Amino acid sequence: MQTHKAKRVEIIIEAPMEGRLTTALMKAGVTGFSILPVLGGSGRAGQWTREGQVGRSGMMAVICIIRPERLDTLLDAAFAVVERHIGVVTITDCEVLRAERF
Amino acid sequence: MQDILALAADNVLSPMILCFALGLFAALARSELTVPEAAAKALSIYLLFAIGFKGGVAVADHGVDGTLISALAAGVVLSFALPFVAFALLRVMTRLSVTDAAATSAHYGSISIVTFVTATSVLSASGIAAEGYMVAVAAAMEAPAIISALWLAARFGSGSKVDATLWREILLNGSIVLLVGSFLIGLITGAEGMARIESFIISPFQGVLCLFLLDMGLVAGRGLRGSRGVISLGVLAFGLLMPVMGAASGLAMGLLLGQSAGGVALFMTLAASASYIAVPAAMRVAMPEANPSVYLTLSLGITFPFNLIVGIPAYVAIAQAMTGA
Amino acid sequence: MQDILALAADNVLSPMILCFALGLFAALARSELTVPEAAAKALSIYLLFAIGFKGGVAVADHGVDGTLISALAAGVVLSFALPFVAFALLRVMTRLSVTDAAATSAHYGSISIVTFVTATSVLSASGIAAEGYMVAVAAAMEAPAIISALWLAARFGSGSKVDATLWREILLNGSIVLLVGSFLIGLITGAEGMARIESFIISPFQGVLCLFLLDMGLVAGRGLRGSRGVISLGVLAFGLLMPVMGAASGLAMGLLLGQSAGGVALFMTLAASASYIAVPAAMRVAMPEANPSVYLTLSLGITFPFNLIVGIPAYVAIAQAMTGA
Amino acid sequence: MQDILALAADNVLSPMILCFALGLFAALARSELTVPEAAAKALSIYLLFAIGFKGGVAVADHGVDGTLISALAAGVVLSFALPFVAFALLRVMTRLSVTDAAATSAHYGSISIVTFVTATSVLSASGIAAEGYMVAVAAAMEAPAIISALWLAARFGSGSKVDATLWREILLNGSIVLLVGSFLIGLITGAEGMARIESFIISPFQGVLCLFLLDMGLVAGRGLRGSRGVISLGVLAFGLLMPVMGAASGLAMGLLLGQSAGGVALFMTLAASASYIAVPAAMRVAMPEANPSVYLTLSLGITFPFNLIVGIPAYVAIAQAMTGA
Amino acid sequence: MQTHKAKRVEIIIEAPMEGRLTTALMKAGVTGFSILPVLGGSGRAGQWTREGQVGRSGMMAVICIIRPERLDTLLDAAFAVVERHIGVVTITDCEVLRAERF
Amino acid sequence: MQTHKAKRVEIIIEAPMEGRLTTALMKAGVTGFSILPVLGGSGRAGQWTREGQVGRSGMMAVICIIRPERLDTLLDAAFAVVERHIGVVTITDCEVLRAERF
């Protein structure tokens, strides 16, 4: 089946920053993403679980599939938001079906 | 004094406080007992709705007396002022950075609605009436402290950015909207509205509060377990001293306003309590460099249990003594 | 007419409608207030179970009178017929594509169980009895409209595939199974069963409905905010006209069947209401090209509030006037 | 015998059992009706809290009679002993591997708290009192069976590793902590505490149990659908025979202790019931090679419905007959 | 540690289609997959969150780890289901432990 | 934007084993990971959904972003835990922003 090269960007970010991140992405013209819940984790700031969170804020994972040539726009937009905040940004090479959608 | 102790003992042995203790124990013993996130949030929606609605109906019943506006103003003033007290104490008593101290001070100027709810339930169990509009005061006290804290942070060094979005998030945060909204609904529908939903919001209230405090105990306990090392002796002392300072200011305000014993007790409780939902979320956005373990452990792990177990019964007894009720 | 307005005013100022309004306001003001998904689903399970059970007990009490079968048949006929009316109106009044019009028409033939529940609660607050079997009629009206819509779509151009799986999903969707199941349980256990769970399903009912409508307001408001541009003036007009057409057909059916004032009001409500759970899911599978914003905004953002605020009190008053009750 | 049948018929036609049947039907018919995970967990927290608290208050009221300690001991002995019976039967009646048989035997030595809760609700509907401390016995019976099963597995071949963490998880699992904790809270706060939360934990109890059993029916039904091929005739027979053996041992214990009719019935129920929450989780950790379909289908798909529908009414009737009540 | 080449296929699809997708996968002999919840997202059809969904249907992410040689079978089966529907299909190269399981 | 090579390890494991896995990871010095919920799936042991689970245990996905040179330590630690248990371990090449965090 015909596939096309793309990038998969996964941004793990604090829940209170999610709206700001997606707004920044939309402003940068990145209109395709999906948001997955994160139940817990560990990082330099220690271990946490959603159950042990006040207000159960926690973190979210935002996944964007994007054409390779648009990656830098996306990373710039994302970086401006996460810069001062905790969070992880990873980029993976991938293939997609139906490239016209991206 | 003896009365205070008797009341305190009574309060400590209430199902609510014991549920909180059970939650604390379970978390500290690393039991996997958990209240699902959605259930805890549903319980808190119920409590906020019930308390707001009851307040509104009470105001509709008794009419708005002159103190409503002045009480709101007093609450806003307290919320603005207390962060300065907290910040000064923190800088003197602890080695926290300016950022951490400022972020923490915002929590103590703001309020904990669950502490407030528990106080109303203690009052109603003791048959002490309180001004219905105090829920509106509670809502009004949530946000101003954040402004003081941001000013403190900017003034003493650490930057912070607050955009319009954040202000909207703070002022329209879920608990403010629900509290004020259900207060207005109670005010509009009055006794008739109450008759229709009374058996939903009055009778099960204390039982729901039990389960909610069980969850609060679990969350506070898990927070405490994860915060070893964060809490120095100075920080701990602050977490016990600050609510006392807050309660004293609340007492002064309540007496100044000429409120009833119940109203004064609630004012003390509000001023003594520290936020652990709205303010932390705002601080993560505005002051991401501040360490959340510090302010969450303080407000939820130290001050919240202190108010629940020692504070509230004391505030109620003192308010009664001072108002001569 | 005056009576209708008085009743409407009364209804609008009930805690339920005000809760819905609060939710709408919070969503439109972009407050982050939310009712967790699991809690909303739990509330709806409670409401469906309670309403079904009560209906079953009522039928067990009063016996099944002759109209049960004919009412079921009438409901099915209405559900089949209304999509044709809706489709014709949409093609005339709007520029929606055949697919969008067909998909939307299915929603208006089917029913909204929350609108139905709210109507029963308005009736019981006004002390008006209704045939207990109307919950079975509600269940019977959920699915037939889908067949009409698929036929319309096929007839006027756009393909669509419906497999056996989809039929099972539609006919055994959660709300039908729960409604019919609890109706049967009420029918079997009767007054004795009711005595055992009365304090669970009767007393808190209206309060639970308040919180559920708060959530419905939030969802409807968020939907409206996301649908700017989708709703033209013609579409809006359809969303207000169609429930009136539906109510008129319901009125005719109810009178034809010789039902009580309450029964007629419920028939009007069912016919006037539009689905926003079962039918949208079915349409996503069967007619994926249809734009969900159109039919969701119409049924949930326009027709649902219209029925809640204006429709139900009017239907009740009209039903009373027409049955001479 | 006739009495037993009458009571059984009565029980089968109660809203609780019919709700369970509705859930079973919906799952087997592949309806997408589901109770959200968080809601189901919240319901179970409510049930555990209510039953524990009631037990504690009952003990506070009537005083602790001499049988409390001996009943606890008897429960622990039963929980240790029953896995040996189960293991022997499984090896004789079925072709299950040693590992599967050992893992399954742990479930039958342990208990199902929902079965216990349903039995207390049947008792209270029939106006039969029972020893309040039986909830403590239930908690005490959760874990010992696991030790026997691990010993059996080690003795007859298959290895298994149990570390300190697992022991803590088992002994402090959510339901034990909540049950024992709320029992103690009831014991401490007594009638006064009950007065404060009665309308939360008594009146809605049976209704909540209905919805919870609806969910249990759904889960059991989905489990059964997924387990075709796992359950041979021998395994099925074991699932029906073992609860009878358990009930008989429970009967003997209860009579030996000189308990009331209600107490004996509850002892029979505990011994007859099989765990499907705590023990499966422990087995996934300690004996990962054992097939969960086997023990879950047996305990939840066969023994649980058997106890609910046939067992409990029989145990109650037999207990009444044998104690001469 | 010994690893083996495999493909990670991630299919984001509407919740009402989930059952159909997994049935199609099973029919095509793809018996290993995991389903993760998606809380919200954005695409050509605009932005959505689960909280603002009626019936809270939303979307799901289906993840399949599969041997490279079986990829085409999987994609054909998946494509037949998602064809007329919204949704995103991405394929990533990966390594797995315990290859005998796939 | 400056990115750095890393590995993304995804471990799908039974919920009762989650605590053991994360403890083992921490012991091995892997202090960065995130945990995502899994709603259902299928494998050699058949199909399951969280809704049809008793106690709703189900599975979890643990995601670790790690420097390539630390991969083997991680896999050894993870393997010791999952060895006798069901579960899937996949490794993907990726790039990260802010490498100093890993």
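Note that the chains take the letters A, B, C, D, E and F in the order they are written out, and that residue 1 is the start of every chain.
The working rule: a contact is a pair of C-beta atoms (placed from the backbone, for glycine too) under 8 Å apart; a residue touches a chain by one contact, two chains touch by 3 or more.
The shown structure was predicted, so the numbers you read here are calculated from the model rather than taken from an experiment.
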In contact with chain B and with chain F at once: which chains are those? Just list them. A, D
Hop distance check: chain E to chain F, minimum number of steps through touching chains? 1
Indicate the lowest number of steps between chain A and chain D, counting one step per move to a touching chain. 2
Chain C to chain D, mean C-alpha position gap in Å, rounds to 40
Cα centroid separation between chain A and chain F, in whole Å? 18
Let me have the rounded angstrom distance from the C-alpha centre of chain A over to the C-alpha centre of chain B, please. 35
Quick check on chain E: which residues sit in contact with 2+ other chains? 36-37, 47, 49, 92-93
Numbers and ranges of chain D residues touching at least 2 other chains: 34, 36-39, 41-42, 169, 203-204
For this structure, enumerate the chain pairs that meet the touch criterion. A-B, A-E, A-F, B-C, B-D, C-D, C-E, D-F, E-F
So, in the complex, the side of chain A touching chain E is made of residues 1, 3, 6, 8, 22, 25-26, 31-37, 60, 65, 92-98, 101
Contact residues on chain A for chain F in the complex? 10, 12, 36-44, 47, 49, 59, 61, 72, 75-76, 79, 88-93
List of chain B residues in touch with chain C within their complex: 36-39, 41-42, 45-46, 49, 53, 168-169, 172-174, 177-178, 181-182, 184-185, 188-189, 193, 196-197, 199-201, 203-204
Using the touch definition up top, name the residues of chain B that touch chain D in the complex. 13-15, 18-19, 22, 25-26, 29-39, 42, 125, 203-208, 210-211, 214
For chain F, which residues are in contact with chain D within the complex? 14, 16-17, 19-20, 45-57, 84-86
